[in-house]
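Okay, handing you the structure first.
We call the chains A, B, C and D, going by the order they appear; numbering starts again at 1 in every chain.
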Amino acid sequence: MEYADGKVKDLQIAYIGGGSRGWAWTFMTDLAMDEELSGTIRLYDIDAEAAKHNEIIGNRLSAREDVVGKWNYTVSDSLQSALTGADFIVISILPGTFDEMAVDVHMPERLGIYQSVGDTAGPGGAMRALRTIPMYVEIAQAIRAYAPKAWVINYTNPMSLCVKTLYYVFPEIKAFGCCHEVFGTQKVLKGILEETMGLKDVKREDIQVNVLGINHFTWFDYASYKGIDLFPIYRKYTEEHKEDGYKEADKNWANSTFECAHIVKFDLFRKYGLIAAAGDRHLVEFMPGVGDSYLKDPETVKRWKFGLTTVDWRKKDLQERLAKSARLAAGEEEIELKPTGEEGIQLIKALCGLTRKISNVNIPNTGHQIANLPESAVVETNAVFERDAIRPLYAGELPEQIKELVDPHVANHERILKAAILCDFDLVVEAFLEDPQVKGRASREQVEELVRDMLRSTAKYLPEGWKKYL
Amino acid sequence: MEYADGKVKDLQIAYIGGGSRGWAWTFMTDLAMDEELSGTIRLYDIDAEAAKHNEIIGNRLSAREDVVGKWNYTVSDSLQSALTGADFIVISILPGTFDEMAVDVHMPERLGIYQSVGDTAGPGGAMRALRTIPMYVEIAQAIRAYAPKAWVINYTNPMSLCVKTLYYVFPEIKAFGCCHEVFGTQKVLKGILEETMGLKDVKREDIQVNVLGINHFTWFDYASYKGIDLFPIYRKYTEEHKEDGYKEADKNWANSTFECAHIVKFDLFRKYGLIAAAGDRHLVEFMPGVGDSYLKDPETVKRWKFGLTTVDWRKKDLQERLAKSARLAAGEEEIELKPTGEEGIQLIKALCGLTRKISNVNIPNTGHQIANLPESAVVETNAVFERDAIRPLYAGELPEQIKELVDPHVANHERILKAAILCDFDLVVEAFLEDPQVKGRASREQVEELVRDMLRSTAKYLPEGWKKYL
Amino acid sequence: MEYADGKVKDLQIAYIGGGSRGWAWTFMTDLAMDEELSGTIRLYDIDAEAAKHNEIIGNRLSAREDVVGKWNYTVSDSLQSALTGADFIVISILPGTFDEMAVDVHMPERLGIYQSVGDTAGPGGAMRALRTIPMYVEIAQAIRAYAPKAWVINYTNPMSLCVKTLYYVFPEIKAFGCCHEVFGTQKVLKGILEETMGLKDVKREDIQVNVLGINHFTWFDYASYKGIDLFPIYRKYTEEHKEDGYKEADKNWANSTFECAHIVKFDLFRKYGLIAAAGDRHLVEFMPGVGDSYLKDPETVKRWKFGLTTVDWRKKDLQERLAKSARLAAGEEEIELKPTGEEGIQLIKALCGLTRKISNVNIPNTGHQIANLPESAVVETNAVFERDAIRPLYAGELPEQIKELVDPHVANHERILKAAILCDFDLVVEAFLEDPQVKGRASREQVEELVRDMLRSTAKYLPEGWKKYL
Amino acid sequence: MEYADGKVKDLQIAYIGGGSRGWAWTFMTDLAMDEELSGTIRLYDIDAEAAKHNEIIGNRLSAREDVVGKWNYTVSDSLQSALTGADFIVISILPGTFDEMAVDVHMPERLGIYQSVGDTAGPGGAMRALRTIPMYVEIAQAIRAYAPKAWVINYTNPMSLCVKTLYYVFPEIKAFGCCHEVFGTQKVLKGILEETMGLKDVKREDIQVNVLGINHFTWFDYASYKGIDLFPIYRKYTEEHKEDGYKEADKNWANSTFECAHIVKFDLFRKYGLIAAAGDRHLVEFMPGVGDSYLKDPETVKRWKFGLTTVDWRKKDLQERLAKSARLAAGEEEIELKPTGEEGIQLIKALCGLTRKISNVNIPNTGHQIANLPESAVVETNAVFERDAIRPLYAGELPEQIKELVDPHVANHERILKAAILCDFDLVVEAFLEDPQVKGRASREQVEELVRDMLRSTAKYLPEGWKKYL
């Protein structure tokens, strides 16, 4: 890469994965609309056809006259060739297929455990992690060997465990995880502010928040818009709308069918005093499964107005995206040049020195950004992004009650990473038993059986070491 | 205070001290040029005439047509009335007079100890602290009683000990210390960048740095301008200019006669690899007094091209400022509306929610912003300023060698605070003996005698408790 | 001091205080019965007559044929002369008189606050601390000046604050606090063990416990006798005796009229799962004063079977001791040579290298002996005593629920030390308001009035600095 | 196990390994001489014949009339059966054979790297760890499954990494590592004390020391005998004997051919001020290999008067032990009932509640027993052993200079554990490059080749995962 006159040329970005298309196109779109960056995108995917399609789509896009950000898209046939010389590495992979995800999400239902997403916490998140971690071990080793100085941006879930694995294998890695859930909650605040104060065109980025927690279970203990404290406004709104929640107008592909009315969020505010900063579908999966669980059964879910995203829907959605991919590659359809609302490109620009930006980020807690979580936890807080540096802001402490909710997940991250690396069945059972969604809802024997059945169903995507248990 | 439409009205600022005029006028000037803030400045000074002069000057300035920032200046006759209802409190006092400062700076010369400033570290800094801390205890108690929620901005030296005292007495205080030395070093970097790269009009604020250390002994381990790493440029420059240093063009009242050629800074870079970020006159006072001391004797000082600011000069300068004060109050002269380069007003605006700003700040290390200094140390690092919040950035660790230089000063801050509060003679002696400028240069007996003589000379400004030693 | 052949000769012990006689005689008795130590006891008391009496009594005792531990008792007329050359320093003073203590204990009754001891926590403990701390500042300064290498044993209450003050003034001090409350609870365990298991002659020292907490509010999370876990035995006993408690046979002067039935202790075990290790009279003063307070009113106290030690009793008891002192000094009565059960002499022997001993001790938490209390807290845990060294054992963590009970007291220790040093009225008010016995039971105004009245009543024993509030 | 009347009956001890006979017989001998313990020893070894031999030898010993400690020895045919129901688990295995050890020790000589032991630090220690860790993963999993409450005593080297692996897999394990090197240094001190002070029959246990460091690289910053400080005595002796060292009289099987003159130890004292507390053969392997290395070449080694234990010697020695084993099993020879000087049995007795004992132990630093090493490091310090509990003593801080020597080894423990679990070639290379014996003495290419060749030579004892590199 080369900086001159406020622009960066010849930037080398390795894009690992992207076969599921969605994120790749978001990324392409944002690149296409930014004239300060240019260079090469090396596409690497174990699904070679997916990479090829993206190459065609990317180059076609770049050739368009209305596109100011000019990039050369090229398929790499190995991790080594994709990484060598890269300035940035973007990782966005799907570990296994939606068939495996169907098991993640739905098999635990036999114990009454319903999952609204199933990719982060809970049995689904754990099982997905067992497939993902070995891939991340390999990717981290490759980065250490071929691109140790590159910045690594992770979009894959389970976010915390992906980032944790990268740092475990290669502690000097310059990696971070990006997630847009916080933006979603900023938009809710923006909407409430506009609705109640009669303001117009409040920018999402101007809703300043202090972020603390772990990915998909993050919290704001501070929210401001210019001179206005948003907490009293939010408090009033949540009291008046505890039943109907908040309805948002704008949507993008990433969350259109993943809606919620935010009344779980409102309820959590009433109980804990902080603003939970992720979609309700994610939040509920971190909460205890006994007592007044938001996920008790489908009727309860309906009452709390969020969706249980079925994997059937995901499969259908994927088909549509593949069809769209074919159309885009064939030139039968064009990518729409509309800002996606993601900050990935902005962060890359900041790391190139073109701007200085404060945004939320998932990295290890080694700067004590959350004072009462262990240093080894991967946490989500704000950080300043500047040329070749990320500096976390001191986010303070989690309130004791919320810390008690977060602690078992942080402990499970340790456990699951260890289980994945050692191929250790008992650790997976322990992780299930300690997961708040499972805890107190099934016997050890039932859980052992569930773990064994889930492992068997996904055995194709697991290392050899698991065979002895299956 | 009241926020509306991007402006803050009716802001109540208590200004404690200011009798020496300089800082007060800087502050007035910056306020006068900012149209987004308005309100009342309550002036409180034990020198009532000084406060009265400032009231007249401030109101005269505010009445001018070319002034957009409108403020009502008013003298408060007690701390209580100044503080009650204040949103912000600015403290800028002179503990004692320049007669006492003459003792601070010059009496230690009898042991061969020369001081270039004498207000922060060294015998002079310690003695000044003994006068200042009791005043700060009283101020902190008053803030706790009358304005516990107000933001407190300290400009008084010794900075670290003033801030430390405020937090010691009232741990929940929202206080921070501002210092412009870092800006000075940013300007040096800006100048070198322009000189060597042919760039023009680089803004000081665009020199992004990572700040770590203690006030007047701060360091950059990172310096960037947009996409450019300034370290290699600085390294080359310091090698080529190790003899002649760097000459800066612009000056303001605060440093015009306080010049240096920055070759101490260049020498420290060669030895320690980081950019020391204060004027050379300050830096040298933190370094060991034995071996190749920069302060060995006046000849050595001359060779290193920085000044020993004599107190005679300060007295003369004060006379001029008092004369100017009279002229300003009488309307015979006008304050010039020129940006001062200070960030105080910017920080107030950020704390009001009007902007978000990253700047260097002196606060306790409770956010672990410097990982390898104790939590109780008052450190200088960058922080994000936003509505009613300061969030320190994680600045990392001091390199081991520099930490060894910083440690004795941090330890002395503890000692001197304790000595001041307990009126403990032996602790002062210990602090002198552990001060790097003194260490190894005098016997305990000599130091005891010096401490006793210095205390006697400044006894008028010390609490009763010291009498038993004098 | 001089070691040879398993004995230590010419040991120099400074004994500060002792005017109240009790502790001094205990100490003399133990010394008299130990043949491995000999030397000089330098008695220093602001009550010169008391010191003189003790000198006569000590030397008379030492001269007896049945006494194997030979010591020379001598009155010192200044701290300096007592301390210079001392190997050990014992401090056991009464800050003020029982008239002041009467105010400590009884004046808060006007707000319904009853105190069973009034010398550690609660309003009485705080007020006593305000008198004691200035004396300890002076003593610590004297030790630093005249005997910096001596071991310092504190017996004065409030224990935590006395030890904290010594370390605050002179961080390198080799000081520790001794308290026999833990022994009392070991004796309860011994008694229960003998009663329920039919064992005989169990030695108190063989009841091995893990001690953690703060003085007078210490806890055992482990108690063993040889191969036997005492927790199930204690659990069973507390269930069967929740009404009648445990009655002990042996008593000594220190607790004869200070009895309790230990049912508060049993109740705390039921609630928190650990064995509280101090007399019930002490324990209750640390617990919340609202809700089911053990100290709600005299009737409640009676129901829980412990005493409210009145100061009238103490005054009468002192008269008796003074009379006894006169008789002892006149040779009309002899000190009885019976082991006192205190470990002070054992600890001195261990520090001389004659034995190695594990015992409970009050020192700052700088060895992280209690992992979840701050380093600056003075904690009570076990430590190994050996030649010239005390090494705390890692005691683990306080359980969360107990930590919540301990935390406000640890915070108040900080506050009260600061209040005493700064003569800061508002900090005392804050300490009262945060004390669990006071919290929620009186308005700030009522507390301010109480603090003012209590300060006034004890003003004679307070520094000048308080005058401005009285 | 069952406690009654000061004895413990029916103790169940699983003994894993022991095929090399030496340690097993030591253990048997100590058990045979202690009348307070009895029970069953379950022998488990992958070398079934070795276990069978030990069974015969053990039972034969137990049947002798002069033996007071009666035990039933029995071979277990699986880890599960050995562990289920065990109260204690002793692990003493040889990872691989002496053929593999020959590679560990001698192959690095091609780069000029001589190793005196080759089982702890250096290339040999690392390679041995790669073979050992997978076995310890399996053992830890088995303990978690079958005997989670048992106490686990490790004797296998590399000690720190064996203990680290056990805690990594099963953090709740009650495991510790025992090593007699500290005793050896206590004996040196005892000998010097007797020699210089004319004392007789000083007991090794009465040499009280404060132990801090990591296994085989431990240090004393304190050594006392009763009232005598041993530091000045040791200092004088090391000055007078810097050439000839100290010659010890008594030897036992474990160190007879492993002698040294302790002049390395004396030299380290001169340089660092603390007493290094392991045999010189171990100490030298932790020190830098460049500069004045004690291991520069065989001539240097000779000058420093310690041995390079060749593996040929070990093989011959093993043959002798196997022959002796046959004779013992056949009843042609009898085990001699002589105290071995090991403390293993004493520690078991303490953990049973029969005594309370202070001894050195290798456990994770989770009690902050060494304040300036990370919590995750396995450190060696003193601890109190009592019924079912080990409580580390606070050992203080390593002096900065020694910490710098220890740090790279602590970092390498992390690296090597990770390398072993991930089968990560590059991490092994990094560990070699960071090992002080290797650092600065070979290129990365040379080290990569050495690592590859060493791995190939020991491939038979490594997991599958390494194949891809070989």
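Annotations
The rule we apply is simple: a residue touches a chain if its C-beta (ideal position, glycine included) is under 8 Å from a C-beta of that chain, and two chains touch if they have at least 3 such contacts.
This is a predicted model, so every value here is computed, not measured.
Counting hops only between chains that touch, chain B reaches chain D in a minimum of 2. Contact tally for B-C versus C-D: the pair with more C-beta pairs in contact is C-D.
Using CA-based centroids throughout, the chain positioned farthest away from chain B is D. The distance from the centre of chain B to the centre of chain C, each centre being the mean of the chain's C-alpha atoms, comes to 46 Å.
Distance between chain centres (mean CA atoms), chain C to chain D: 44 Å. For chain D, the set of residues touching two or more other chains is empty. Residue ranges on chain B touching chain A, taken from their complex, read 3-4, 6, 8, 208, 210, 222, 224-229, 352-354, 356, 358, 367-369, 371, 382, 384, 386-389, 391-396.
By the touch criterion stated above, chain A contacts chain D in their complex at residues 137, 141, 144-145, 168-169, 418, 421-422, 424, 426, 464.
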